[in-house]
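Submitted below is the structure of interest, expressed as structure tokens.
Residue numbering begins at 1 within each chain, and the chains themselves are lettered A, B, C and D in the order written.
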Amino acid sequence: MAKVEHVDVWPGISVKELVEQFSHGGFQAYKLWKACRIFREMVEDQECTKFLGLAGALVPGGMRKVIVRMIRKHMVDVIVSTGGILTHDLIEAAGIQHVHAPEKYNDVKLRSEMLNRIYNVLLPNDGYVKLEKKLATILEKLPQKTMSSREFLEHLGRHVEDRESIIRAAYDENIKIFCPAIADSVLGFHIWMNTQFLKLRVNPILDQREMTAIAYESKKCGALFVGGGTSKHYIALAMQFSPRSLEYAIQITMDRPEHGGVSGATLSEAKSWGKVAEKAKTVEVICDATIALPIIVASNIL
Amino acid sequence: MAKVEHVDVWPGISVKELVEQFSHGGFQAYKLWKACRIFREMVEDQECTKFLGLAGALVPGGMRKVIVRMIRKHMVDVIVSTGGILTHDLIEAAGIQHVHAPEKYNDVKLRSEMLNRIYNVLLPNDGYVKLEKKLATILEKLPQKTMSSREFLEHLGRHVEDRESIIRAAYDENIKIFCPAIADSVLGFHIWMNTQFLKLRVNPILDQREMTAIAYESKKCGALFVGGGTSKHYIALAMQFSPRSLEYAIQITMDRPEHGGVSGATLSEAKSWGKVAEKAKTVEVICDATIALPIIVASNIL
Amino acid sequence: MAKVEHVDVWPGISVKELVEQFSHGGFQAYKLWKACRIFREMVEDQECTKFLGLAGALVPGGMRKVIVRMIRKHMVDVIVSTGGILTHDLIEAAGIQHVHAPEKYNDVKLRSEMLNRIYNVLLPNDGYVKLEKKLATILEKLPQKTMSSREFLEHLGRHVEDRESIIRAAYDENIKIFCPAIADSVLGFHIWMNTQFLKLRVNPILDQREMTAIAYESKKCGALFVGGGTSKHYIALAMQFSPRSLEYAIQITMDRPEHGGVSGATLSEAKSWGKVAEKAKTVEVICDATIALPIIVASNIL
Amino acid sequence: MAKVEHVDVWPGISVKELVEQFSHGGFQAYKLWKACRIFREMVEDQECTKFLGLAGALVPGGMRKVIVRMIRKHMVDVIVSTGGILTHDLIEAAGIQHVHAPEKYNDVKLRSEMLNRIYNVLLPNDGYVKLEKKLATILEKLPQKTMSSREFLEHLGRHVEDRESIIRAAYDENIKIFCPAIADSVLGFHIWMNTQFLKLRVNPILDQREMTAIAYESKKCGALFVGGGTSKHYIALAMQFSPRSLEYAIQITMDRPEHGGVSGATLSEAKSWGKVAEKAKTVEVICDATIALPIIVASNIL
């Protein structure tokens, strides 16, 4: 059995070197090293369709550039996202940035200043006003028909000018984005608002055809789950509904399994469902994604 | 300031008495007592529209009867649920029960026995087969038009024979169920499958009209959040989009706030968004819902 | 396999009945039912030496009466406690009670009011002043020699007048209390302070003889771990150092295993060490002790 | 207010650069950046006595070298450790290394192979045998008198040959190590065993004099808490017993505050006790120490 040789650090050590050092440690350092290694193997596997599940407030958390890097470098093929992440991405594309919360704050006072708090980050309410205007001008330019969320997001991406946007980058790079819970988001709200004037309709139930087809037509599948929720569940469902199972599965989460929720469920559990293959390469990293995700990407970026 | 008089117990102590004792303790016992008290106040407030957010595998977790009791006793007015919970409810309505996992299990072996694991509970895969058949016969009887998830679930409820079903009980008692993330569920999958033969369509984006209207038209609003995810977020969004804010808010969760996800976010944070009113009565109980929810209902049931 | 029949509740349901209902649920409800059952079996096992590990601020948390009930009813034989719990017990014995923190507080302001916060409970600093005086009068009456913590606590218990005290109850009922980390507590501090004037000495390393002897001489051993830390570890060490292993083991904790700490470590892990027997009856309940412990005691008290 | 500019990564990015990027993110990435910054400020503050609290199985977790680097570089002045960490350090000094657990293991089988599991790391039982022999030869060479744990560990360090040992490095560098819970460890057990033949005695209650004196005599105090337990509590107690309060406080933990335990308690709470100064620079990083600690040290090492 391999010995625990201990993690070492030195002046100027690179992230890639630190991750290599993590292989000499235990607990979550070791898991994070393993996640980096499996991610690399998945990315390099030409036969593998790579899914990326995105949940949690990753844009307020400062992960927008890291996600865009993954898209631009084609480290992933298919993204499943919450509506919130896409909404936050569009708000930034509309020119409003999130800001760091001050050390001391009062939520009632923040309310009076129209600053919406997300843990230690604030979303100026102005962002929603700008988003509404921006969307109103874009939505009328899109095909006036009923679309799946995936189709809608592709058309939307064409009209997002900000090249640092996740939706725009995915459009540019021909990466598909699915948003099964788009109805539960400000983006979904504005789609509904505009359906009062437009013929454009979005129905995420229609995504099922394409998502299932991707699973069926892939030789192999793999997934990086950043957080859980609908994004994780939807990718797993595609495996359940198809003859495929994930051959690679990496999960970054702070949720725990003991209360039975899908977000904290182990990848071993997913094997009982056939969502993850018996001999899949898997690892769960119990760590906030804002720390673990940049490390995984930094250690694999070329 | 009130003294901590210590929790006492005795032979034959009732749950209601234990909850009263919890007011003499600290930490989460005190929080649970407070949750019971706020819940009672909310239920007794005739002017208040009571929302119930349901997330996590509550049916496999054995919470079906407790939820049905809340519905039959009209402790809640509007339910927002994940698609998974409704799927599990329908599987049980179709005659397949969840089972307790054995002490020792092997996920690969469970797979070969077609037993899908959810922490310490198993869902026999047979349930999905029965569900598929059952839904096929029901869906063709429903209105062949485009519906919101709420409208669809009402029509569906009429055809569920099992009176112990959440969907059926809600239909009987005229309680609305919304399912914004229905696309991310086996139920959603079968709706899509059957749209290949039927004219029935379900689009959860259409729910926005009714959900927003409920918020606008309510004198007061309150919510019991069992878990987080889309169910919590969708109720909160209705507050964000309307002049209403929650005057009562109870959250049962095991998730933590530090990674910025909506599930673990505090109710204080929601005040900065105007989702929870400045002077709302609020409490978070950090406890598995399978323990806390039955205690809250038991201590308030008449 | 046993079916999940669902937890039911009704007006007037007793805690004992609720626990029975928990056997029809999943996740932590099921675990809590199992904990109650194993605890009963352990208590009724005449051959079993029952250890109780106490960690966390259980007295501020309002658990003093519940612990005293367990002692008076001889549900346990040997207690291992942190110094903090014993300090808090003595402060209450000296007449100062903990108080509930107000909804809104400011830690800097609390400091100016000499109110020490423990989550949602406050310990008036006056308690430390009273404790110091009380201890000064008691310590000079105790045997002026070097004692183990166990021996010291027995002598101390004789002089505690408050019959609701854990230390006093243990003395009355001839239940041993060990405190391996007594040096890390206000109680330990005052022992050291008084050694400047007295010949009384306490050395917790001397406890090893008696603790190991108990393990060696017991036919069977079992433990209820309330929290982790030194209390859990010290009981486990006694198993490691002796031919005994725990035949019953119940753990109540909110800590997680993934960072390798002893507090969140699973009982299965303890089998690899021989601390828990291969065929032991074990259960971990992931729940705040202020909720789970009163339920376990209430459902088993006669 | 500062904008969230998003974390960026690139090929060859150093750990120091990544930490700088973390300042452009939110949630725990931002907290980790802040921890690195406060740690640097503390280390560079010549007037500040730097405490390091060590808890959790940090040696099996692969943190031995990182801790030794902190000692050799005089990033800390006073260490408070659990007995377990020192025991593991001595086992490695005796020539037995921890090993990585295989992907699949069975705790009962590990028992039969005498491999003690600590999450995903194994401690060969042989280590305890070697430790016993080694200690027997060393203890007889030490001063045969009653010592505090601090004094004992200094004498012990002189006889540890392994220069990669924490205890040896601390001896070499004149860094004090306190172990208030030494009685709850294998090291404490062997001290007791040998007191049957030797006159050497160790009593951790005697440490109070020196620990309190350090607090009193320091101009300023600061602490890095790696995990909680007795190590965190003992440092905090020294502040409570003295006119000092921590001016810098960094806490790395995965524990949560809601159940009232000291390990998960916030640093704000510590202000109500006067353990942390009103205007102290503080941060809690909710992350496994095996990831966060190497990053903090790597980004500050010269």
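For this structure, a couple of remarks:
The rule is simple: a residue touches a chain if its C-beta (ideal position, glycine included) is under 8 Å from a C-beta of that chain, and two chains touch if they have at least 3 such contacts.
As the structure is a prediction and not an experimental result, all values here were calculated from the model.
Both chain A and chain B are touched by C, D.
Comparing the chain pairs A-C and A-D, the larger number of C-beta pairs in contact belongs to A-D. In whole angstrom, the spacing between the mean C-alpha positions of chain C and chain D is 25. Once the centre of each chain is set as its mean CA position, chain A and chain C turn out to be 43 Å apart.
Distance between chain centres (mean CA atoms), chain A to chain D: 35 Å. For chain D, the set of residues touching two or more other chains reads 26-28, 31, 57, 60-61, 118-122, 254, 256, 258-260, 286, 288, 290. Every residue of chain D that touches chain C in the complex is listed here, in rising order: 55-57, 60-61, 84, 107-108, 110-111, 115-122, 149, 180-186, 188-189, 191-193, 195, 201-209, 227, 229-230, 233-234, 237, 240-241, 254-263, 265, 268-269, 271-274, 278, 288-290. Per the touch definition, chain C reaches chain B in the complex via residues 1-16, 18, 21-22, 24-32, 57, 60-66, 69, 97-102, 118-122, 254, 286-288, 290-292, 294-295, 297-298, 301-302. If you check the complex, the residues on chain C that touch chain A are 26-28, 256, 258-260, 286.
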